[in-house]
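In structure tokens below, several structures.
Consider the two complexes below, in which chain A is the common component and chain B and chain C are the respective partners.
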Partner chain A sequence: MKKKILASLLAGVMAASVLAGCGSGAASDSAAQDEQTSEAGKSEDNEITVWGWDKNMNGYALEEAQKVYGDGVKINFVEMAKDDCLTKLHTVLASGVTDDLPDIVLISDLNAQGYLMSYPDAFRPMEDVINYDDFAEYKTAAVSYDGVTYGVPFDSGVAALYYRTDYLSEIGYTDEMMQDLTWDQYLELGEKLKEKGHMLQTFNPNDIAEFQIMLQSTGKWFTDAEGNADFADNAALKECYDIFCRLNDSDFTKVVSDWTEFAGAVNGGDVACVLRGCWMTSTIIQSEDQSGKWKIAPVPKMSTEGATHYSNQGGSSWFVLKNSKNSELAADFLSKTFGGSTELYNTLLSEKSIIGTYLPASDVEAYDQEFEFFGGQQVNKLLADWMSKIPAVDTGAFSAEAQSALLGVTPSILEGGDLTENLQDAEQQFEQSIQ
Partner chain B sequence: MRRIKSLFKHAFLILFSLICIFPFYWMIVSATNVSKDITMGKLTFGNALLINVRNAFQNADILRAFMNSAFLAIVITVLSLLICSIAGYAFVIFPGKVKNILFLALIASMMVPFAAKIIPMFRMFSNLGLLNSFGSIILPAIGTPFLIFFFKQNTHAFPLETIQAARVDGLGEYGIFFRIYMPMMKSTYAAAGIFAFMASWNNYMWPLIALQSTDKFSLPLAVSNLAAGFTPDYGMVMVGIIISTLPTVLVFFLLQKAFVEGMVGSVK
Partner chain C sequence: MSLKGKTKTALTGWSMVTVAAIFVLVFSYIPMIQAFFLSLQTGKGANLSFSGVANYIRMLQDSTFWTTLGNTLLYAVVQIPVMLLLALLISVLLNDSKLKGRGIYRTCIFLPCVTSMVSYAILFKNIFAVDGIVNQMLLKLHLIDDAIPFVLDKNWAKVVIIFALIWRYTGYYMIFYLSAMQNIDSSIYEAAKMDGCSFFQSFFRITMPLLKPIIFLTSIMALTNTLQLFDEVVNLTNGGPGDATRTISEYIYDLSFTYVPSYGYAAAVSYVVFVLIIILTIIQKGITGEKE
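Our next item is the complex of A and B:
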């Protein structure tokens, strides 16, 4: 009896609260509903909703893709900050609601595996419409999970060593001498630059993002193919820490603590070299007074077996949601644009310096462009060449967790603690964090 | 001696107010500089204000987002003040046995973190067909446990004799609430109004999840988009931040006196 009363009471309260809510919000509600219905009436059948970030880059790329595809499709680009986009996608997928799904989402490569693993049926496999031999191998690996390829690879974060030619000529270094550096040779530059009053590069003891570049250049990653931590027995990772410690002990780095200080050091002429993905270009060219003083070279080579001069940092890919309203149209749209149009990549490259990972587009004319800012270098051509040589790695779903576990032991390593022991500790922390 | 003491006190207060004011100073100065100078730590006024304003308005539909936010904030403030004050008033004035249980449930609901409610709320509003409408933002915001609690606590200080006297004089319950209680609790309404306005104006997470099209985005979402690129243009972002801070500053300064009275909980 008591239970019955309680149940009816609860039901009553809930009903009342819903009614009260509807009643008091009636004016605005009905207005909103009107708007919604009228909008639903307006929305045409060939409209594709895309969630992504950065209107000037990704939004622009979609606009151009739409021009290539023609009138058969209308693009509704919903712009959100990158983290917001990922949060929103998580919520929608976790709720299981399919009415409000976008047709295409942009996902950064390091996050892609996590989504593919957590929501296995949410994304549309694209192998039937995309020829993946046309894409850089490292990029295809990033958008595949469990043997199935889902994403349409988009921009590359091919890594480069940006350097100041004026500073390096002061210590007698020419462009040729920068092309085949090892990390030892690179760090030696620091001592010499210091004598001339310049710093080699920035150093942030709380940021191991450069490890991504170093590891991938050797074909290794923080985790192995099964997604387990690969710290203590990973020679490449150990070498990363060796380099990190040497940078920490040196007096030729400019210590920074965040992106603004980092960008300030680069734009302010404090450092001679920057090691980052090719998206760094847009920050560097903000200092117009430094035009003609920068060039790019392949990244320094590590001594671990399998090391190369080529790596990647960042980049993202398009994914089609299987249960969305216009999922098939979206797949067709992507296959004919980002998955098959050299014309599109030529436009993106010449107008916005967006480096795609579509290999048939690697001889379009925009690659021949010479950049005054980079002393007449054919920057895009070089980057595209390096991109095709980046070793593929299985980044797994837990890159972020692996990096935060490593960051936890980094202070102790920098203070001279035993490397292997610390890495073993980090492995344990990592295993706990992903359980 | 007293002079030294007051000198010391003032120096202390000035130091701390400088610390509080600095972020605002930096925000305004940065809005007049180009991104490169901001990252290099420039702290003097530059001449890029107009460029930054133009960029901000070009890169995001700031005006529309501002109107959206203003509409939401005003509707939510008015409705939540009405609903929460009625609820708070009822909890104190009217007798009832379930009242305490209800109140406990209400307080307990304050302990559920928002992150835990997102997915159920998303499903609920999707079923109601209200996603991507202002209704989905307004409905969850008009009956907040905190404001009900705030009104309840302040109503305890309300002289019951006034109500009894009004009843004797033949005023109905609605009349008592609207014509006696409301005017007397002016400062409580002002304080609660600031809370409701700020909460709505700064609301970020739920509008992000519930609103699906760019033309419905509120101001914090639009400003967040400004900073979304690989190379954020900080000058432009600062313009966006100033625009989104102004209304809260304005509301706070306008209602400052009443706010302080309301927080102290005085009924005069």
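Our next item is the complex of A and C:
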């Protein structure tokens, strides 16, 4: 009997402690909430929460934008890794909970269509506050869905061929000779550089991100205008794989397996060339000892019809969430800063070399700036000029699926499997994955 | 009186488990049921509509699904026997009461288990990188002429992942075997020794049969763990090259977050994993039930 009493006593104590635990937890939660709301009340609810990545670049841009807009707004930039940011946005939008919504989110252009398609009514159309004639056309297309434009275009990922002038002069190449390269000529550089003990570029057999640059330079993409797979009959894509196989078979590439190794190879002086969007600048200039040794040139030209020297990789845009607390203020903030201030773009350009896509800002003075790191080149001016010549492509919503389907067959292509057959397999897998 | 006593005992029992049970119900079972209904819907993102078993039919034609399922089962089939055998071997060695410092050995072998899954995966990635320590060693010893891109080769990548899994989890299962062995009466071994039984004979004739239930238990545990493999693969190879190392859990993640989200289809795929695990649990129940 004693045991039973003890048992029920214990049970009672445990239950009580658990309940008490819950109770006090709930109490302190609500207290914290009260505090928050009262704090927000004090600041008259003019705080805009922004989710994004890269504090050094995007966070900086917001800070500057806030200075342009004035005291009417406070920016709370929540920094996350890019993947985390995009994932978190999915979870919060899919849950339908509106309490914790940020006011503004940064979304990379290749993902934008997917979000707009997946969550109708989640984003605020911006046509009433932004004049979209002021933006590069390819960017406006990327942030529109079903005829409505939602995003405020931000940075461009205009692609460039970064090269080491010191390595190339060893094999007798001058800057002029780098301006109009074809891919064949570019790969020939590799053989010559190898003799001097340098590698041409990095190579990751499990990463086909460079295809984005190659395809867009010809005005093509992984998918066609209707969003269907364009693999097996896509001459540009086939040429991409041809180049990819040649890089794979060659002995003049530095094999890497992730970003860390890639950046290490670039900063460590292992490779002579890097082909990436212009956001790569911030990584390259980190090795200060290489100042004056780098320059940029237009990307190598493919042999497919419509090929140019100009392309794009990456870039992102701002989106306002319709159901957030300060949605209207956020829209006004964006329209007066990223959607209407040449002064802001001038600052971003001269301080961080952020190439915006706002056309009225295309003649601000920062474009004339010469960069010591790039041997006195007017990098911003060149990039802006190339940006205006990028062939427009409709990337659609399913770029990630397309690249994943292609990556699935890439090992077999590299092993010498039949290209067309493999691309047909990938096409099937892609069609299946977008159901 | 006795009935009343029983009710009292039952009430005491219930009062103890109710709170936990409610939490399990709210945070585990209800979402599971919701996930099932989600798996019957198709559409991208929030545009979901009911479509019956369409997702399950889609799975049949989805080559990525079959590849990832195949990879996951391959990990299980190769890794689990090797790992459990190794765990058994180590625990036999460490069970020897004459061995000095066995506490230290035990700790050392168990230690990998407490490391974070992400950090050890990143460590292994560095060790097996193109210019990592393994390649450097092999090159210095002149065993190979060129560095092997371990995580970029579809076969080597699988080997590295299996190796990493064995490194981390062997110690965990060793603990199970050790504690089970301590329950075996040492007089049995003494008697066997008197009858002229060799070490191997006593291992195969005494230790193994007596450990049978725990070997079954650990193999099922390891199997369910491997079926949910995610962290290691994502951080080591990110599923590459191609789909060569992608697991089913990573595929579910991609379907929800990397691609334009198909939450319904992702739920359906996870239900297949769930059903696989249920089947294995039933097998486990059957086996341990027989023993009792």
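FYI, the second predicted complex is superposed on the first by the 395 of 435 C-alpha atoms of A that agree within 3 Å, B and C clash if a C-alpha of one lies under 4 Å from a C-alpha of the other, contacts with A are read in each partner's own complex, and residues count from 1 in each chain.
One rule holds for everything that comes next: a residue touches a chain if its C-beta (ideal position, glycine included) is under 8 Å from a C-beta of that chain, and two chains touch if they have at least 3 such contacts.
Values in this document were obtained by computation on a predicted structure and should not be read as measured data.
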For A:A400, is the partner it touches chain B (first), chain C (second), both, or none of the two (neither)?
second
Just chain B (first), just chain C (second), both, or neither: which does A:M117 touch?
second
Is A:N204 in contact with chain B, with chain C, with both, or with neither (first, second, both, neither)?
second
State whether A:E261 touches chain B only (first), chain C only (second), both chains, or neither.
both
Does chain B (first) or chain C (second) touch A:I434, or do both, or does neither?
second
Classify the contacts of A:K55 with the two partner chains as first (chain B alone), second (chain C alone), both, or neither.
first
Residues of chain A at both interfaces, chain B in one complex, chain C in the other
87, 94, 96, 261
In the complex, the residues of chain A that touch chain B are 9, 13, 17, 20-22, 24-25, 28-29, 31-33, 35-36, 39, 49, 53-57, 76-82, 84, 87-88, 91-92, 94-97, 99-100, 260-261, 263-264, 267-268, 279, 282-283, 286-287, 314
Taking the touch rule as given, give the residues of chain A at its contact with chain C in the complex, in rising order.
4, 7-8, 11-12, 14-15, 18-19, 86-87, 90, 93-94, 96, 113-115, 117-120, 122, 204-206, 255-258, 261, 397-398, 400-401, 404, 407-412, 425, 428-429, 432-435
Chain B - residues contacting chain A, complex
34-36, 38-41, 59, 75, 79, 82-83, 98, 102, 118-119, 122-123, 126, 129-135, 138-139, 142-143, 208-209, 212-214, 221, 224-225, 227-231, 234
Inside the complex, what are the residues of chain C that reach chain A?
5, 8-9, 12, 15-16, 18-19, 42, 44-47, 58, 61-64, 67, 125, 129-131, 147, 149, 151-152, 154, 237-238, 240-244, 254, 256-263, 265
